[in-house]
Amino acid sequence: MTQSIAFIGMGAMGWRMAAHLPKAFSDVRVWNRTFSKAEAHAAEFGTKATSIEQAVQADIIFSCLPTSSEVEAIISQYPPKNGSIWIDCTSGEPSSAKKVAEQLAANNVAFLDAPVSGQTIGAERGTLTVMVGGNKAALERARSAMEPFSSLIEHVGDSGSGFAVKAVNNMLLAVNLWAVAEGFTALKAHGVNIDSALTCINASSGRSLASEVTFPQRVLNREFPLTFALSLLAKDTGIAIDLAHTAKIPAPLLALTQSLYRAASSSLPDDSDFSASVKLLESWTGIELKSN
Amino acid sequence: MTQSIAFIGMGAMGWRMAAHLPKAFSDVRVWNRTFSKAEAHAAEFGTKATSIEQAVQADIIFSCLPTSSEVEAIISQYPPKNGSIWIDCTSGEPSSAKKVAEQLAANNVAFLDAPVSGQTIGAERGTLTVMVGGNKAALERARSAMEPFSSLIEHVGDSGSGFAVKAVNNMLLAVNLWAVAEGFTALKAHGVNIDSALTCINASSGRSLASEVTFPQRVLNREFPLTFALSLLAKDTGIAIDLAHTAKIPAPLLALTQSLYRAASSSLPDDSDFSASVKLLESWTGIELKSN
Amino acid sequence: MTQSIAFIGMGAMGWRMAAHLPKAFSDVRVWNRTFSKAEAHAAEFGTKATSIEQAVQADIIFSCLPTSSEVEAIISQYPPKNGSIWIDCTSGEPSSAKKVAEQLAANNVAFLDAPVSGQTIGAERGTLTVMVGGNKAALERARSAMEPFSSLIEHVGDSGSGFAVKAVNNMLLAVNLWAVAEGFTALKAHGVNIDSALTCINASSGRSLASEVTFPQRVLNREFPLTFALSLLAKDTGIAIDLAHTAKIPAPLLALTQSLYRAASSSLPDDSDFSASVKLLESWTGIELKSN
Amino acid sequence: MTQSIAFIGMGAMGWRMAAHLPKAFSDVRVWNRTFSKAEAHAAEFGTKATSIEQAVQADIIFSCLPTSSEVEAIISQYPPKNGSIWIDCTSGEPSSAKKVAEQLAANNVAFLDAPVSGQTIGAERGTLTVMVGGNKAALERARSAMEPFSSLIEHVGDSGSGFAVKAVNNMLLAVNLWAVAEGFTALKAHGVNIDSALTCINASSGRSLASEVTFPQRVLNREFPLTFALSLLAKDTGIAIDLAHTAKIPAPLLALTQSLYRAASSSLPDDSDFSASVKLLESWTGIELKSN
């Protein structure tokens, strides 16, 4: 029996993720608020641009939107059909996932929070990591629909767990990057060759994706290409700190990091890449983090 | 013309580093305060256990001691011979390196601060990273003496720069590990499967050596094997923060991290591994960071 | 026309506040879950111990309970009579005040969030500060009922504002006290006479209620008398940080303070006074904050 | 026997402090690098503008300069006469006081670190607080020379203790002010009347000199009058954090505060009053801390 698939949200991630689906499925419906993007996707990748009403009648519905609010708004206005599986790849809020999953379960719809990691390059190559919260049996039924765009699909717990892991992942990226920026500012202030220093640290115990990839490829070359908005990372750090807060757990390092990214996000232009957060630090020190 | 080499300090690192030298040099002298360790090294690796007076007459003298104070004490009491090169592999203080390098230069001795990264396993395998501060020509003259135990030898700047890079590296390890601990505590508090979460994060942008190696191999398995003392990491974070402080640079994230490791170091037993720092956080939350 | 007054909650604060009411009103009803406390109050101060059903039929109803949850539970089970004014002196949550005020307004009941400051001694003397959020006209109608126990009654804004100001006040107490503790630990570590130092600082620009009252009267004398539970202050810092968080405002100093009090609250015995928070710091330093 | 007094440094504080001395002493010498200020002081207050060589021949020599470096420079170039007492009212560094005191003791000169608190208004009125480190007997011999400008003279410990207490005092001012700014930003974001809120808090446990004086008289009225430079307060927070650092004591709240003032100091114009530090926070939030 053939499954119909829908993908809601043709943003930088959704566009690339949905592009892999026609390899495995014949009925792939795409929808986007600015509908011309859905039509362009259909023209380029052989998907079908449909109305939102048709999209939510698919067996499996993906959504990939800026925040949980947009997802909740669509689901409440256009409820998915009985028996379907809704897979939300948004970097959303755990509490929202719990609420929506419970509401949809009443209509025999499974809701999986399934945010992805790997950025646009991973979406392009189909090598994303998918961290999935919600019913495990539903994940198994839907796994084949995620495989075209991912190289790791991991069940991490009940509803909301996927969003929680994604938020913590992004928080760690935020911490690691800011720490690199502070450390290298101190090194530069002392006349150390920071390119050589980075070579050493990336061969040592202080390394992180932030030091190996983000810092050289976005900061030191002063390019700050916009692929992941600073405002979205600031939002994600807020979701992570909410986890600590609702559990009444002290998380001093994460809380400070969240304040720093909030400050950076509101101080810098709206279209800043997350890596541009270091510019807030630079404004305090007068030291530019740039290759020699 | 044959060079004579000496290695001062047969600790966990020095013992293994010096073991590689006889492959490349015929006159390798070793010395240790507890002299029986030097004799054991000679017996096992074909080095020569000599007096400290003979050690400092070598062409190239390595030192690998707990802190810069021990190095300064030996150099002032037993000055190296004219024309030699002193390579200090201690995780020392940049200000000490500057002072000692200037003093020794007056006697035509080059002093290189050359701390290593890679822990005991890297020393064993001869794959350490050496970050070198000081005169570049002296480094080139001494490079062949470092090659037996290292896979990367990088000149990072003037005297003190090597120590500075090492301190920042260790600070980044400290930040990254503590952040992982806070993040996973929050996840566990929400019932997330933390082993699966770690799999996801280690395939994603939040990963670091702390999340890939330290957390699973020392913390989640509750082993905390003592290979790098918490008190030494706390000291290193102090050196890193001194860099920011003397340059009058704000470094809020590093400063907070330093306070947390100071607190951990004075709260936990003296023989704690650096990874045991997470136990301080656990004492605040009642949540144990342990594999499922 | 005579007003009837009720007071719900005979805790350390409520007991003393209600004791002033019979001076100005003839019908003062008191209720407490452990009813014998209400009866004891009636016997001692000439109030009337009534059922909760009778209490909520008063013209003006005070509540003073541990948290907003208890207040919400009572109001939903025992709705106040039409036309009455409910004055909640709990250190509650702004979001709860907004919700309850809206619900009660539908039944023509005014809800004022009116937390008090001044501790048990201020309640005893009738010199509390009352910070009031909600309808200003309702406050004026109810002012005479608050006057017996207060020397300052201030309208600070719409519903929730009173709770917000109280939470920020308590957060500032928390910040100021912890900062004093860190500063005096550093002074003591350097051999400074901390009693003389306190005399100087309390005559200087660094002074605060924490340094003038809390530190000498609770900490330096090692008495830590339980009059305001650490767990409640930790809760209040959580309410304050929620204000920053929901407004997406960076508040690094308050966020760190909140983490420290969370850590202190979960590390120390349940019946600890808020001033005992300094013991967490002492456990990190081995330095006791005690008069010479 | 009459004592001769000298006062070195006719800045905003020194000018006013020295003005009180002729009431009690007949031989009062004043010196300033820009000598015309010394002459103006002599003309206005009946002191004598002398050369620096004559100044350091006085029985008691006061200095009040920007930092310890200036004091050390003068003392090394113009050593005070044998048997004199040097009273340094600079907000200086404890380690400098220890060093200078030891050096001068060899020439039978007592050095007291005696910083003052009370700002220009306290200097004007002669009501400063003097916190004195060093030899207690020397303080007693010199006490009458300090009494004209102070209402509290307190011995706080050995050499350096006075500077340490002053640094901690100023750090506490810095912490308390920044915390007020964060708290009131959160309140304003929620629509609370911040003038009324301040009235409440200043009658409650969260109050401090920062909330009672600095915030209303410098910030909320948007005047930020320059009487104590932000750069000097940033320096003082550095001295305070050095105390914690050299004692290897964790001081997370003070360390964060220091970073914030460093950032503020380097982000804001050079002639900013310390109270203008809140503008850094305002740049992150878009919320102006201004009376209604």
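To keep things simple, chains are lettered A, B, C and D as they appear, and every chain counts its residues starting from 1.
The rule is simple: a residue touches a chain if its C-beta (ideal position, glycine included) is under 8 Å from a C-beta of that chain, and two chains touch if they have at least 3 such contacts.
The model shown is predicted, which means the values in this text are computed figures rather than measured ones.
Between the interfaces C-D and A-C, more contacting C-beta pairs are found at C-D. Just one of A-C, A-B or B-C has an interface built like that of B-D, with over half of its contact pairs in common by residue number: A-C. Per-chain CA centroids place chain C at a distance of 36 Å from chain D. In whole angstrom, the spacing between the mean C-alpha positions of chain A and chain D is 51. A separation of 41 Å divides the Cα centre of chain A from that of chain C. Residues of chain C in contact with two or more other chains: 249-252, 256, 260, 262-263, 266, 284-285. Interchain contacts join each chain to each other chain, per the touch definition above. Chain D meets chain C in the complex at residues 94, 117-119, 129, 131, 133, 151-152, 154-158, 160-161, 164-165, 168-173, 175-176, 178-180, 182-187, 189-193, 196-197, 199-201, 203-211, 213-214, 240, 243-244, 247, 249-254, 256-257, 260, 281, 284-285, 287. Across the interface of their complex, chain B is touched by residues 238, 241-242, 245, 248-252, 255-256, 258-260, 262-263, 266 of chain D.
Residue ranges on chain C touching chain B, taken from their complex, read 252, 256, 262-263, 266-267, 283-286.
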